[in-house]
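Here come two complexes built around chain A, the first alongside chain B, the second alongside chain C.
Up next, the complex of A and B:
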């Protein structure tokens, strides 16, 4: 038995090695870099000086940082709220049996297949203040008095990029929730209906509690994906206008590859990682609480 | 059996011969990185021509898209696997020089047939830092005013008299603006391009980047703010780059005038052959000024094939090669002597204006922290243009930022 276990670990070794090389190494390297003096002038020196927390202080002390952090959280929470509620509603809808349900559900996947850059160009046109379709519709419906240059106004630009990202993310939520919904035994609903529970009651007392672990994982993955957003925003606004859509990954990229402040860029990335780890820790705590409840 | 041997012998001989010639004449392979698109009719055929012309050196060009170029080059350099030579956007050049990436070309230039005086001063300065020359200007461009002749005539303006002052530019833009048509299109995107477009106005008014809170600078930004407020220019310019934002507006008749560069000439001629347009020098104020863009060629310090890369430059800049190269590349010539002789630029009214404008083109920086300075400038532009701050406040904040960056 013991012998077998040792052999088993050997079989796992290549995978472990791969993980260490491809995942752990860059993270550790980035972590070290975040404590070093690495700017345009010093990055090529064989031994870079350790400067303690200076990079972190520079990143955190940047007058822009509170705005960047706020943008990151507003973007992430806003996107997840709408992606999740709309995605959940669609998952419930597609759980009903009606003609073309399967086809339509498959069609939803399109949003995941379209390349990010294509989505960003598409939404830049849709949201344009001069000739955008969304403005045209809103003005005709008398919801707006005159066209809004969504992506050109600092007040609305973040909403604009969120719209695009919500559109991308809805199907992801639907896809992950739908199997969970389908796996709930119909007999539960029938029994509840006989006991006089209406559809709303059935949803809150059966669907939601039974799906809670699915929901947790969907929200967690959603948070991680959304918080790390880069390509979509980079292609739609580049973080502008006036930093209105500047989020943490964009700021880290700017520090490293526009300003050549590699140490500060690394520090910004570590901060990003720390925030995500905190969220994952919260998830694990919630999950273990749930398991205890079940047992 | 016999047949086989007959075949084997010559084959073996061939293989021996093959490996022998490989041993004798292995060409040096020079790794050359750039973001020049692969369909550029200048760069790649010219490299091919050079490779065919001799057997000792083979230039291997690698294309990396502009958006990813700085990242990849920086990663390669810091990772210890840089190319032998590269083309870098000129405002970024000083940063790479400060990084210690490029070889000081002084000793090589001392033995070259050309000297500083043979080049236009702007491009030459762009790869110079603290009195040393770290690169050779490779491509250059500048900004001019493009205008739509038909829309001028419809508005009762004389197309032979393009605007010469800021006041004229504003009043022309006012007259040209009508439903569905903006008088003017410019670029204020949150990138180097935004800074690139506004700097000429700053310089025309006698301002400079180290005194962004001066009245001259504030007036230059207020000019743009007023254009947007009065509707002569689209609000969207804060998200419009020069190539895919400003150019299509002009090309499709949505903007009657635009400020843009020589890269627009060929596509407009090809894609909108019926558009009746001309170019004029940028209107001036206290003086004439325009932006200077382009890329510089540099040899990576201690590169294995540095000498071979220099051989390529020496070949390329020979008079019989360079005029044709620049013409096919789609750039303005970088040497006055070539510009005066080569027929391509001589007779073309558009290029006449561009070449005239080139005399007033000033490089950005050079400064190793140019990217930060530029970010402060385009941020101020966007703040003022979107009404987040007044032009005065935005530029005061930018001036403070520039002081922090450069001290």
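Up next, the complex of A and C:
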């Protein structure tokens, strides 16, 4: 028996050794780097000078930082609001039994599989100020007086990147909400219907309360996945124009790879990790509560 | 009742049509002649379909090389991830592991961590050991990103296999390796195929590691090829859309031939444990 236990660890060893080298070690390395003087000139030195919290103070004291943080939260919360609402509606729709439901539901996952850079160029084209389809449609419907260069205007760029990400995220929310919706016993709805409750009433009195913990988990997971988004925005706007779409992951990346302030980039990475780990911790607490209820 | 079902089908068909419309527009733009692309009103269905944009990106923009690179990176990342993932998934399902909860927790947290936070330390570490501007560096980064997810989705498949089946095979004279290859892997095959497909597609679409670790043009995958092309010829959307169509080809193929392996429950399973 004891021998078997040892054998078990041998099966785990390659994967976990790999993760220690490629995941845990880099995170520790990044943490140390965030306290060191690491710029283009010094980064390759084997021993870098420790400079305390200077990198953190530089990142936090940057006049851009409040804007970056604001963008991050506006982007994340705005995206989640729409993704969740639309995704929820679709999950309710696909929960009804009708021909094609399974097929169309499966198709929904396409948006999660497509390379994000493809979504970036696709929405760059759809949102283009010159003959972009979205402008053409809005002008023709008299919702806009004239074409807007969505991604080139500081006022609208964030809305533009949010639109692209909402498009991706709808499926994510539908996918996560569907199992919970399917698990609600139809007899509950039938009983409520007999008692005279209409569809709206049934939604607010049965579906929402029964799903509440599930919904919270989906929202937190959405936050974790949206707050860290980099590639989609980077390929659409690069964080511009004039930082209008600069979110924390973009700022961290640019500090390292545009300005070669590696120490500050590492500090920004740590800040990003700390924010996300706080949300992840909350997510795990809720998840374990959910499991306890199930068992 | 039947009318109601038909209405629901029609409604969801329209909704999905609207949601997937960007793909139609991509395809349509890619087969338009340049004169039909920037027009007002927009031309919704081209009258002169042409494949010239596809020929252009293949001949002038080395699309063939980008696709080859992507394929090599994705297939390698997939193979390593699946081998390591099957071993760990099996180990976590089959043996009494002390601290099982802790292992699962580590995996769950690892796969929620932002990839962008790992780019800088990996860039420096890979640079030290000479793996920048090599396929191997990007492949390993991809494995790192998807391995925790793959282990988490594979473990339930191994849990389903009764232990007695494996023991029976051993009694019948199968070696441990024989039992693994002849019984366990085949029974868990649907899960392994799903994990392989997902890892392939995600590595195929990966952006930030390739962007940062591969500065040599000859090594870059299709995602970076498209990114580079954005600035190069601003308004030639037919070429950008043709490149994009090439880039989503594996996704389309998977949805045509392997859709049953991309199940919702599977994806959800990786996010909870």
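Throughout what follows, the second predicted complex is superposed on the first by the 257 of 295 C-alpha atoms of A that agree within 3 Å, B and C clash if a C-alpha of one lies under 4 Å from a C-alpha of the other, contacts with A are read in each partner's own complex, and residues count from 1 in each chain.
Basically, a residue touches a chain if its C-beta (ideal position, glycine included) is under 8 Å from a C-beta of that chain, and two chains touch if they have at least 3 such contacts.
What you see is a predicted model; the values in this text were computed from it and never measured.
**Q** After the alignment on chain A, I want to confirm one thing: do chain B and chain C clash, or do they fit together?
**A** Superposition check on chain A flags a clash between chain B and chain C.
**Q** Between chain B and chain C, whom does A:105 touch in the aligned arrangement: first, second, both, or neither?
**A** Second partner only, chain C.
**Q** Output check: A:265 vs chain B and chain C. Expected answer is one of first, second, both, neither. What do you get?
**A** second
**Q** For A:168, select first, second, both or neither according to whether it touches chain B, chain C, the two together, or no partner.
**A** Touch partners of A:168: none, neither chain B nor chain C.
**Q** Report for A:273: first if it touches chain B alone, second if chain C alone, otherwise both or neither.
**A** A:273 contacts chain C only, not chain B.
**Q** For A:257, select first, second, both or neither according to whether it touches chain B, chain C, the two together, or no partner.
**A** both
**Q** Could you tell me if A:130 is touching chain B, chain C, both of them or neither one (first, second, both, neither)?
**A** both
**Q** Considering only touches as defined above, state whether A:220 meets chain B (first), chain C (second), both or neither.
**A** neither
**Q** Compare chain B and chain C by how many residues of chain A each one touches, and report the one with more.
**A** Between chain B and chain C, C touches the greater number of residues in chain A.
**Q** What is the contact status of A:228 with respect to chain B (first) and chain C (second): first, second, both, or neither?
**A** second
**Q** Just checking: does A:43 make contact with chain B only, chain C only, both, or neither of them? Give me first, second, both or neither.
**A** both
**Q** Which listed stretch of chain B (63-71, 135-143 or 189-197) steric-clashes with chain C in the superposition?
**A** Clashes occur only in 63-71.
**Q** Considering only the contact definition stated at the top, list the common interface residues of chain A for chain B and chain C.
**A** Comparing the two interfaces on chain A, one with chain B and one with chain C, the shared residues are 43-44, 124, 128, 130, 256-257, 262.
**Q** Note which residues of chain A are touching chain B in the complex, please.
**A** 40-41, 43-44, 124, 128-130, 149, 151-154, 236-243, 254, 256-260, 262
**Q** Going by the contact rule set out above, which residues of chain B touch chain A in the complex?
**A** Result: residues 70-71, 74, 77-78, 95-96, 98-101, 189-191, 234-239, 254, 368-369, 371-372, 375, 378-379, 382-383, 385-386, 388 of chain B touch chain A.
**Q** Please give the residue numbers of chain C that touch chain A in the complex, ascending.
**A** Listed in rising order, the residues of chain C that touch chain A are 5-6, 8-9, 11-13, 15-16, 19-20, 22-23, 25-26, 29, 37-42, 84-85, 87-88, 90-92, 94-98, 103, 105-106, 108-110, 112-125, 127, 140-141, 143-144, 147-148, 151, 201, 204-208, 211-212, 222-223, 226-227, 230, 235, 237, 240-241, 243-244, 247-248, 251, 254-255, 259, 262, 264-265, 267-268, 271-272.
**Q** Across the complex, what residues on chain A touch chain C?
**A** The touching residues are 1, 4-5, 7-12, 14-16, 18-19, 22-23, 25-27, 29-30, 33, 43-44, 90, 93-94, 96-101, 104-118, 120-126, 128, 130-131, 133, 136, 140, 167, 170, 175-176, 178-179, 217, 221, 224-225, 227-228, 230-231, 234-235, 249, 252-253, 256-257, 262, 265-266, 269-270, 272-273, 276-277, 280, 283-284, 287.
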